[in-house]
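These are the structures, in structure tokens.
Both of the next two complexes hold chain A, though its partner changes from chain B to chain C.
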Partner chain A sequence: MTLTARIRRAFGTHWYAWTMVAPVVLVIGVIIGIPLVRGVYLSLTDANEANVERSIGMNHIPATYHFTGLDNYRAVLTDGVFWDRLGWTVVWTVGCVSLTFLTALALANLLNRRMRGRTFYRLALILPWAIPAFVSVFTWRMLYNEKNGILNKLLAGGGLDAVPWLNDPTWAKLSVIAVNVWLGVPFMLVALLGGLQSIPGELYEAAEMDGAGAWQRFRHITVPGLRAVSGTVILLSTIWTFNMFPVIFLLTRGGPGDATEILVTYAYRLSFVDSPRNFSASATWGMVILAVLALVAVGYRRALRKQGEVW
Partner chain B sequence: MARTRSERHWSASVGLHLALVLASVVAVFPPLWLLVTSFKPKNDAFTTSLVTHFTLDNYTHVLTGTSFLTWFGNSVVVVALTTVIGVFTAATTGYAVSRFRFPGMRPLLWLLLITQMFPVAVLIVPLYNLLASLGLLNQPLGLVLTYLTIAVPFCAWMMKGFFDTIPVEIDEAGRVDGLTPFGTFWRLVLPLARPGLAVTGFYTFVTAWAEVAYASAFMTGEENLTLAGGLQTFVNQYSNDWGSMTAAAVIIAVPAALVFAFAQRHLVAGLTAGTTKG
Partner chain C sequence: MRRGIRGALATALVAGLALAATGCGSGGDGGGAAGGELSGTVTFWDTSNDAEKATYRKLAEGFQKEHPKVHVSYVNVPFGDANAKFKNAAGGGAGAPDVMRTEVAWVADFANLGYLAPLDGTPALDDTGDYLPQAVGSTKFGGKTYAAPQVIDTLALFYNKKLLQDAGVAVPKTFTELAAAAQKIKDKTGATALYLRGDDPYWFLPYLYGEGGDMVDAAHKKVTVDSAAGVRAFRTIKQLVDSKAAVTDATDGQENQLKALKDGTVAMAIDGPWDIEGARAGKAFQDKGNLGVAPVPGGSTAQGSPQGGWDLSVYAGSKNLQAAYAFVKYMSSAKVQQETTDKLSLLPTRKSVYNVPAVKQNEMVAFFKPAVDGAVQRPWIAQGNSLFEPLKVQMNKVLTGAATPEQAAKAVGDAYRKLLKDYT
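On to the complex of A and B.
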């Protein structure tokens, strides 16, 4: 069979499927593919606001930036700023994900039993999810306000000193993590609750008959039963937190100084906040971030495989 | 004899409720405080008391004295388009990968997963340039396209999980009755996947309604901002209008909360279908 005939036949059998996925492939190809290729290219140049193609009034000024090879990457990787930011980004990601997961796991276990007021608790606990994140972040900024915020007013009422929530490097770090955990718990809680409900109740009853205590039941029934759900939500939440832009951008703008700046907000700052805009450096940071994330995902997948997960 | 699980010791019961009440207070307090503050006069924004002088001034000011309604309109256009197109494409994609075995399926599944990983920072500059050259900066369409790439991959995974739970026999019956594959999808399977559509619709809505980075970068000029950009203008390095901020924030949160209330019944089913069987 010739190649064209083979393609024609494949098209004949699969064209329904291909037509159905075509819009997604097209949009992803154009909006992610083209920018990605261009991003790689920009990261190999010295493009910035002053030398890219632009129009001022009627005058069209052609681009004058040059190809510089791997210079940008060398600059980023030998710069202490990158390693500082990476360190904090890792602390931020691990801190947020583990606290979110443990809180959600505890709450899901509390909620997953018959009791009075269950619906009320469930609704209250997922409320943060119903509110757009940037609205919540602005609310927290108000609560954290050093002179007038309610948190410090309450502390003052208890005779305690005001806490510089967003103005001291250490407190600011704790504050942004707290907000992100607050935002992230509902999603995890709902996912874990779903996982818990899919564990057959007979398993617990049988274990109880055999005299297993609460901890043993949790350890040997709940934990394995939740493994598939937790694997996926932890990976998703790691990726989301690593790239969590709004919380840090809107709460502290990366400050005080650059204490809470994670890799993503730093790359954004390079091209949209700082002047002159440094497009090539920003693109380079973007590529490095992508590489770090890819490593995380591959490593994570391998770890899951070792435990015998099919994912 | 072993105690049955419904007969909990009273101290365990108290502990359980205490923990849940505490957690609920932490979850509910910030939004509640936002609501309370929005009804206070501007100068009382930071008092610890509940509303002493109830006023709607903040709301009147936001609605009549600022560009809030323009931003709201911009957001509604962007979000409505994103949700409708997003849910439809996520459903067709999810259906195709759930039902057909076709060349290119595995790479597609991987592509959908990998796009989840793309940080804003990688794409934002080149995307900015691309949209600029297409004349789509400050255009709702530019944001819609961008948001589709964020929402659709994840939604397609969730929809695949949903379609996997619908028996294939239904498709076969439709085929026997002479429906085309698309007809089967549209008239038989899609109605059965309504909870999935609710969840993906909710997710797309929330993603688009709450996105900040792209919206701040691509939309400039007071009349082009969406809500995320507009809200930032009330409280920034130049002004501290907490009164307007709280009122605007409440108005922004209400539609989101309504959509959420509508979709939340299906959330548990949707997420577990999407995350465990993905």
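On to the complex of A and C.
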């Protein structure tokens, strides 16, 4: 059978599937594919706001940017700034994800019991998720204000010194992590609570009959029972945190200095703060960030598979 | 409605043709609409602060009285967001305003990117000989004029007369004097001597100028911020904060400074005329006479503060250019400038306005005018505004102890050379 005949046959059998998938492929192609391809292209040029072509009213600006090959990538990877920011981004991601996961796991276990007012607690813990992120971040920023914020007023009431929440590099790092954990817990909590409820109660009963203690039950029933759910939420949370732009940008703008600047906020700075906006450099940063995340995802999946997880 | 828009287009076309045909520089009455009455909508982005915006809104809408068929759509855009917001809108080709109140450092930048309409020969520029020469500096780029100056300003030392009196210290003339007086102020009044804006690099300039330094030497294409003067300037701010003569913040400096001054928890702050109204609203200045204004303290070799201000620029892609030009002419007119001075104590850019008795008697103007005359003009280059970000990062680092003054000055210099490719 020739190749064309084979394709024709495949299409003939599965034409309805192709038709069903077509709109999705088209939409994803337009909203993800085109920007992605354009990003790759820009990262191979020296394009910036001043040399791309455009016409505004009476002003016409011709395109004068050039193809520069891998120069941008070389510049990023040999720049100390990139490695500094990558280091902090990794600390930030690992710190946030682990704290979020542990807090959510503890809370989910608490909320999984029968107790008075359980619905109220569940609703209260979901609340951070219901508020738009920028609103919560601005609220936190007011709480953190060193001179006039409530947090320091409370400390002063207890006779303690004011803490420079966002004005000291170390405190600023802790502060942004705290806010991100606060924002991230609800999602993890809901996911883990779902996971907990899918573990059959008989397992716990049987274990109890065999004389297993609370820790043993947690260790040998709850943890394995949650593995599939936690694997997914940890990977998602890692990707989100790695690219968590609003928390850092709205809280500290990457400051003080560049203490809390992560890779995405730095890419933003290149493309929106400096002038002329450096399209090619920020596209390059975008591609490098994408590559790092792709590596993380592949590595993580492989690790899960080794543990016998089908994902 | 539809007819109105078409009418506006026709008007614009006719006016444009008429202008082109006659090559006429400044139009006559009626905002230079040679072909008839102006109509349509003019969207105006105003960047004035909370204490000022009500006045600006009223002034902008006053344009409608002169041109009843024009609707002014007033939008207040916070200063901090305005630059990025305009660039997004202008570069994206949608949502940009017809006229914007543009910071002096942004004009060259926007013009370089093709976002602004040149105003030479349009009705927007009216009686240009009346403008203060230093105010005109920021409106020019590449031999053309891209804006009309509206307000000029500079930084000065705001002080709480009562607190200084109680402490028995004179208004400091240098930062060394200020540091020396700090302990006395603290002991006698409990207030900190100075609020130092650690979050905004613009406030670093008096320290830099005071040491005889500057960011760049545009005439010789040289980066000068990393000279010995730059290092000394970083050292000065660090010492002021370390010795507790000054308090500072890395975020929310504008609000925190104004609040500290209004509440009387600091005796002095370096600020500009835009905060006069805001400061006078505070409890420390219930007696309006308690707010004193003096030149910014000097450094070890010189004294200077940056020249700032606001210009009115027209978006090149505006659909209603003729009305936009007329609006710029109106907003930079002597009449409107006089009102902003009366109501907000802002400094006019027209020489003639300074001769109006009410303006002459305004004590803030009386103080700020000589300060503005002596203010240091900034490099009006396309990257002028980008020079601030590296300075901010390093200023934060010095204040938090993450970098020494030497490291900071060097890092700013390196960043500038990256930004300004043909500079040494």
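The rule we apply is simple: the second predicted complex is superposed on the first by the 289 of 311 C-alpha atoms of A that agree within 3 Å, B and C clash if a C-alpha of one lies under 4 Å from a C-alpha of the other, contacts with A are read in each partner's own complex, and residues count from 1 in each chain.
Assume contacts are C-beta pairs under 8 Å (C-beta built on N, C-alpha and C of every residue); 3 or more make two chains touch, one makes a residue touch a chain.
Since the structure is predicted, the reported quantities are computational estimates derived from the model, not experimental observations.
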item	value
Comparing the two partners chain B and chain C, which touches a greater set of residues in chain A	B
Touching partner for A:V298 - first (chain B), second (chain C), both, neither	neither
Contacts of A:V81 with chain B and chain C, given as first, second, both or neither	neither
First (chain B), second (chain C), both or neither touched by A:S198	first
Partner chain in contact with A:P35 - chain B first, chain C second, else both or neither	first
Which of chain B and chain C A:L166 touches, first, second, both or neither	second
Touched partner set for A:L70, first chain B, second chain C, both or neither	neither
Contacts of A:N148 with chain B and chain C, given as first, second, both or neither	both
Partner chain in contact with A:A267 - chain B first, chain C second, else both or neither	first
Touching partner for A:V91 - first (chain B), second (chain C), both, neither	neither
Chain C-contacting residues of chain A that also contact chain B	141, 145, 148, 272
List of chain A residues in touch with chain B within their complex	10, 13-14, 16-18, 20-21, 23-25, 27-28, 30-32, 34-36, 38-39, 42, 52, 106-107, 110-111, 113-115, 117, 120-121, 123-136, 138-143, 145, 148-150, 153-154, 157, 182, 185-187, 190-191, 193-195, 197-198, 204, 208-209, 211, 228-229, 232-233, 236, 239, 242-243, 245-246, 249-250, 263-264, 267-268, 271-272, 279, 282-283, 285-287, 289-290, 293-294, 297, 311
Complex contact set, residues of chain A against chain C	49-50, 54, 56-61, 141, 145-148, 166-169, 172, 252-253, 255-259, 269, 272-277
Interface residues, chain B side, partner chain A - complex	2, 5-6, 13, 16-17, 19-20, 23-24, 26-28, 30-31, 33-34, 37, 45-46, 48, 89-90, 92-93, 95-97, 100, 102-105, 108, 111-112, 115-130, 145-146, 148-149, 152-153, 156, 180-182, 185, 206, 209-210, 212-213, 216-217, 227-228, 231-232, 235, 242, 245-246, 249, 252-253, 256-257, 260-261, 264, 267-269, 271-272, 275-276, 278
In the complex, chain C residues that touch chain A	84, 87, 90-91, 93, 109, 112-118, 198-199, 247-252, 256, 259-260, 315-318, 321, 382-383, 385-386, 389, 392-394, 396-397, 399-400, 402-403, 419
